[in-house]
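Shared chain: chain A. Partners: chain B in the first complex, chain C in the second.
Here is the complex of A and B:
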C-alpha cells in the first residue's frame, strides 16, 4: 500500500497536430461487431538503453512489454482487433520514423502504433505515435518521462491516449480495481481487501484476512477506501488510507453500519445504519464529523449511491414490500420509485456520466446486471446468470465490472466467485483475471488526467 | 402476482418434496424438510440446553416468525429466565439468493424479530445483542432450496 504513491511522470507534446481532423473513428455507442484492425509495433529501444535496462533493472525487451500492455488493453475493449506481429513487414525503428503505409495496409491494418524508448540517467523516456494507415497520416504523438519501474503505467496512459483519440471519449486503462479476495470453503470464506491494476497486474492485499471485509469503494482521488469490516465482531464502516494503511471507524453508531460509498466531492460517506431491525441511510461529513439522517422509514433502505453532481441519491428499499430502486434529493426529500419491471431490484449505482443507473435484478431465479435511465425508463438487461451482482462503472461510464458466483454441485462443492466485465452495449462480456476468487469490485477513477 | 408466487412456491415445494424423498431413499439419510419454504428439519440445529433449539428459520425475503419459531423462542426465553446470568448474541443470516447489502439488512431484521420476541417473554434487552452476517456465513453450501432454507436463520449463541 505504501507503494501506491502518486507516481511521478511528466508529459509533453513533441509534435502538435497542424490540422485537426480524424479519418478513422471508432463508434462506441453501439456494440462493435467490426472491431478496428490495429497494429501495435513493438517500441524500439537502442542497444545502449536495452543493455542498461537489462543490467540495472533486469528488464528485458521493455519495448515489447509496453507494446503488450497496450495491445492487451485495446483488445479487451472489444473495439479493436489487434493484428498479429508475425504479419508485420516493417521493423519497429523504421516504422516509428515513417511507416511505409502500403505495408500496413497490405495486412489490413487501419491504424498503427509505433514507439521508441530511451533509458538515460535512470530516467525512462517513452515516445509513441498513432498513425492512420489509410490516410497515411500521423494522428497523435506524445512522449513521457518516468522512472523505469513505472513502465506498465506508461503503457496504460498511452492506451488511454489512443482510445481517446480514436473514440472521442476518455479511456479507463490507467485505473485500479479494489475488490475482496476470497478463499476457503463457502461456509467459512476468508476475505481480504485487494487492489490491482485494471488489467489484473500488481495485486496487493490491504488486509490480512483476520476479519470479514466487504464492499470496498474508492474515494474520488483513489487514495482512500471505505468498506465494511467485522473487526472485533462489530460490523462497521471503515475508512482506510491506502498509502499509510491508517484505518478508522466512520462515525460512532450503536449498531451495524454498512453499504458505504463516498460522495462525488469525497467529503462525505453515505451508508446504511441498522438499528432494531430497521436500516436507514445516513451520511457522515469527514471534515466536521457531522452525521445526517437521510431516510426515515420502517423498511430496509440501503445501497445508496450519489449522482455525479451530488444533488441526488439512488438507493434500494423494500418499502413497497419488495426490493426496488428509488431516487431522492440528497437531503432525503422527493423520494420516488424508479424500478417497475418484474422481479426484485438491488445495488443501484449512478453512472459517472449521470445519465444511467446500473443495477442487479433478480427475476425467476436468475440474476441480471442491467441499466436504466435515472427516471426508470429504458431498462436494458445486459447479462443473465445464476448469481451475479454489484456492478461498478468504469470512469468513462462505458463498461461495468461486477462479480459472479457459481452454483455448487449436489455435494455443495464447486463454489467460485469471479470478476467479470461487460460493455454498456451488452457486448464484450469478459472474465477479469484475479489471483484468487474475487467479489465486490469497485473501479477507480483515472489515476492521471 | 403474490398469489402466483405462492402457487409457484407451493409447486416448488411439491417438486422438491418428490426430489427429496427420492434422495432420501437413495442416501438413506434424513435431510430435513420444509413447510412453505421454511426449514422445519433438525439437521443443522444445535441445542442451548436439553430441548432448547438454538435457531429459528425464515421464509424467503421474510422476517416473520412462524408458529414453530415462536415455540422455539419461548423455550429459549424460559431457559434464559432460569439462567439469569446468561447473555446471548442473536446472529441473523440470509440465503445466497439476494444482493449482499440488502441481505445484511435482512439478517439484522431477522435477528431483531427474534430479539423482540424474547423481550416480550421477559428477557431484558441488555442481555441480548444482535449481529447480522447477511449471506456471509451459510451453514449449508448447497445451491438448492433446501440448503437456502437452512441458511435463512437467526441463531441464538451463548455469549458468556
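Here is the complex of A and C:
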C-alpha cells in the first residue's frame, strides 16, 4: 500500500512538472541614448503674489522666468529634450495639483515639472514637483524660500535636483565660472577677472584691468580664487576673496610663480616656481605659509593639479624631451609618465570624480581637448580646433569648459576668444555666452552644497 | 503391416505438404531486406579524410532521406522549413548559415574544429586557387555533418522552447522593441553592477498587468542611488513599449516573463 502511494505521488509530480513552464528570461543589453522628452510647465503664481511682485520688485511673470531658467539648463546638457509649451494641454495650476498624465503622454513627454510661487512678507516661496508621466506618479517634490532677487539661483537649484533625480549624478547648474574677460585689439588686450553664473548671467568684474591677469582658479571649498598677475613686473600668484574683494600675493619668492591651483581641501596652493630657466612644482600651506618643494628636476615641470583625494598630483614636464603628462604621489615620489601619444600634452586637470584627466594636446598644428584615464589608457580627443586650451571640469565631472581663439586675418582683424563647453560624449559642444571675449575659465563647485 | 506403412507415409506426406504451404521460407528464397540507414553512417568525425565530392553527395542524400523521416516524426513543419534549404547553397553561404544557427542556439555539442576549418577554408581560398574544388567538396561534407548536429539540436530545442522559452525570432522581436524604448540614463557609474531584473505579468495581447523590480532592496542602499534611476528607466521603457511584441500563441508559456536590463555594455562602449 505504501509503495502504491509513493508510485502515485511520483506519477503526480511527473505530470505536474510536464505541464509547468520555466520563467522566460530576456536580456536587454542595448538601449538608446536619445535625450529624455521632458515638459517644463510654467510655475503658477496666484494673482496676489503676481501683483505684489510686479509692484514691489518690478518682476513680471516670475513663474515663466524660473521655468525658462530650468528649461535652458536642462536643454544645455544634451540629455533632455524640452518640449514646446505650445503643445501643453493642461494649465499650470491644475497640472501642479494633479496632472492628467494621458495629456502629457499624448505629446510624448516622459517627465513633467510643475511648480507654484507664493510671495508673502517679502519672502518668495517656490515649490516644484517632478512627475513620471508613464508611471503616473510623483518622483520628487521640494519647496524653497528665499529673497525674491535670488530667483535665478532657485531655478538653478531646482535644475540640479531634477538632473540628479533623473540621471543619478549631481547637477552642475548652481555654480559660477570665473574667467579672464578680454577687450581691445590683440596686441593691446585689457584683461580683467570676471565671474558669472554658469549660464552666462550675472557677470561681475573683480579687477579693473590695470594689470594683466591669467589662470584664475576656484577654491573647491569656498569662494576664494587664486590667479596669476604681475607684481613689481614679475608674474606672481595672488589670492582673492570674492565676497570681500581682498587680495594678496602668495609667498615671497625670488623668481616668478605661475599656474596656481588649490588642493582639494582648499588648505594649500600648488604652483610652479621658475628661477634661472628651471621650473619646479611647489606647494604652500595657506594656514602656516610653509612652502614645500615637490619636484626637483632640471626640466620644466608645470601645470600641477591634485587628484580629488589629494594623494596624487598630475603635471606636465618636458623631462622626456617633449612636453608630456606625468602623475606622482603628493610628496613628489613615484613619478611616472602617463601620456605616450604623438604630439605635445599640457594643462592636465584631474576630474572631480577621480577617474579621468583632461588635457590639451598639440599635434600637427592643431589643438585638441581630450581625456584619458589616470593610468594614461583610454585617451579620447573630444574636440579639435585651430587654438584651444585650458580645460576645467564641471563639479560633477561630466562637462569641460575651455576657451577657443579664432585666427586673425591678413589685416589683423577677426581675432576673438570665446568660452566653449563639451561633455564627455564629445557630441554636446556649446558656446558659452559672455559679455566680452573670454579666456582661462574655471568652474566652481556647487554653491548649494 | 502394409496398411500401417501406407498410413504412416500418408501422414508424413501430409505434414510435409502442410509445412511447405504454411511456412513459406522453406519453399522461397529469403527476402532481400534493404539495409537500414543508420545515423551512425552519417556522423563523420574525421573530416580531413573525406576530401571528395561524391562522398559528400552521398552523405547529403542520406541526410535528406533521414531528415524527411525525422521531420514527419518529431519536428514542427514550419521550423524545419526555415532551416532546410531548398537547394544546396554555395559553400561559403552554407558555412555561414550553419555557424549562425550554432552560435545563436548555444549548441552544447558545438564543434570548434568545424569553425576553425571554416576559417582555414576562407584563408586557403584566397591563396590556393588549385585546391578550390577539393575544399568545396570538403566544406560540403562539413556542412552535411553540421546539418546532422544541427537537426538533432533543433528537435531537442523545439521541445524545450515549447515548454520554457521563446524562439529566436520571437525573442529578437521583443528585444528590438525594447531597445527603442529604453533611454539609458547617462550619469550612471560604469564600474558598478548595472543589471536591473524586472519580472512581468502579461496579458495575452502583451500589455503589462504587473511589473516588479526583483532587487528592490538595493534601491534604498546607501551609495546605490543610481540604481533607482536605472530601475525607473527600465520600468519607463516597459511602459512606453507596451503592448509588448509577444507571440500570438502559447500564452501560458510567456505570461510570466523576466527582463534583464543591463546598461554596462552601452556605457562602457
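FYI, the second predicted complex is superposed on the first by the 413 of 449 C-alpha atoms of A that agree within 3 Å, B and C clash if a C-alpha of one lies under 4 Å from a C-alpha of the other, contacts with A are read in each partner's own complex, and residues count from 1 in each chain.
The definition used in the following text is that a contact is a pair of C-beta atoms (placed from the backbone, for glycine too) under 8 Å apart; a residue touches a chain by one contact, two chains touch by 3 or more.
All values derive from a computational prediction rather than experimental measurement.
> Looking at the overlay, does A:24 come into contact with chain B only (first), chain C only (second), both, or neither?
Touch partner of A:24: chain C, not chain B.
> On chain A, which partner's contacts cover more residues, chain B's or chain C's?
If we count touched residues of chain A for both partners, the winner is B.
> Touch test for A:169: chain B only (first), chain C only (second), both, or neither?
second
> Report for A:187: first if it touches chain B alone, second if chain C alone, otherwise both or neither.
A:187: touches chain B, not chain C.
> Does chain B (first) or chain C (second) touch A:322, or do both, or does neither?
first
> Just chain B (first), just chain C (second), both, or neither: which does A:272 touch?
first
> Regarding the shared-chain residue A:231, is it in contact with chain B (first), chain C (second), both, or neither?
After superposition on chain A, A:231 lies in contact with neither partner.
> For A:312, is the partner it touches chain B (first), chain C (second), both, or none of the two (neither)?
After superposing on A, A:312 lies clear of both chain B and chain C.
> Common interface residues of chain A with chain B and chain C?
On chain A, no residue contacts both chain B in one structure and chain C in the other.
> Name, in rising order, each residue of chain B that touches chain A in their complex.
Of all residues in chain B, those touching chain A are 61, 63, 96-102, 104-106, 108-109, 111-113, 115-116, 130-133, 136-143, 147.
> Spell out the part of chain A that touches chain B in their complex, as residue ranges.
By the definition above, chain A touches chain B via 185-189, 212, 214-215, 228, 233, 235, 255-256, 258-259, 272, 274, 276-279, 300, 302-303, 316, 318, 322-323, 344, 346-347, 360, 362, 365, 386-387, 389-390, 405, 407-408, 410, 412-413, 415, 440.
> Can you tell me which positions in chain C touch chain A when the two form their complex?
163-166, 171, 174-175, 178-180, 182-188, 199, 225-226, 228-230, 232-237, 239-240, 252-254, 256-266
> Flag every residue of chain A that touches chain C in the complex, lowest number first.
Residues 21-34, 36, 79, 110, 132, 134-135, 139, 165-169, 396, 398, 425.
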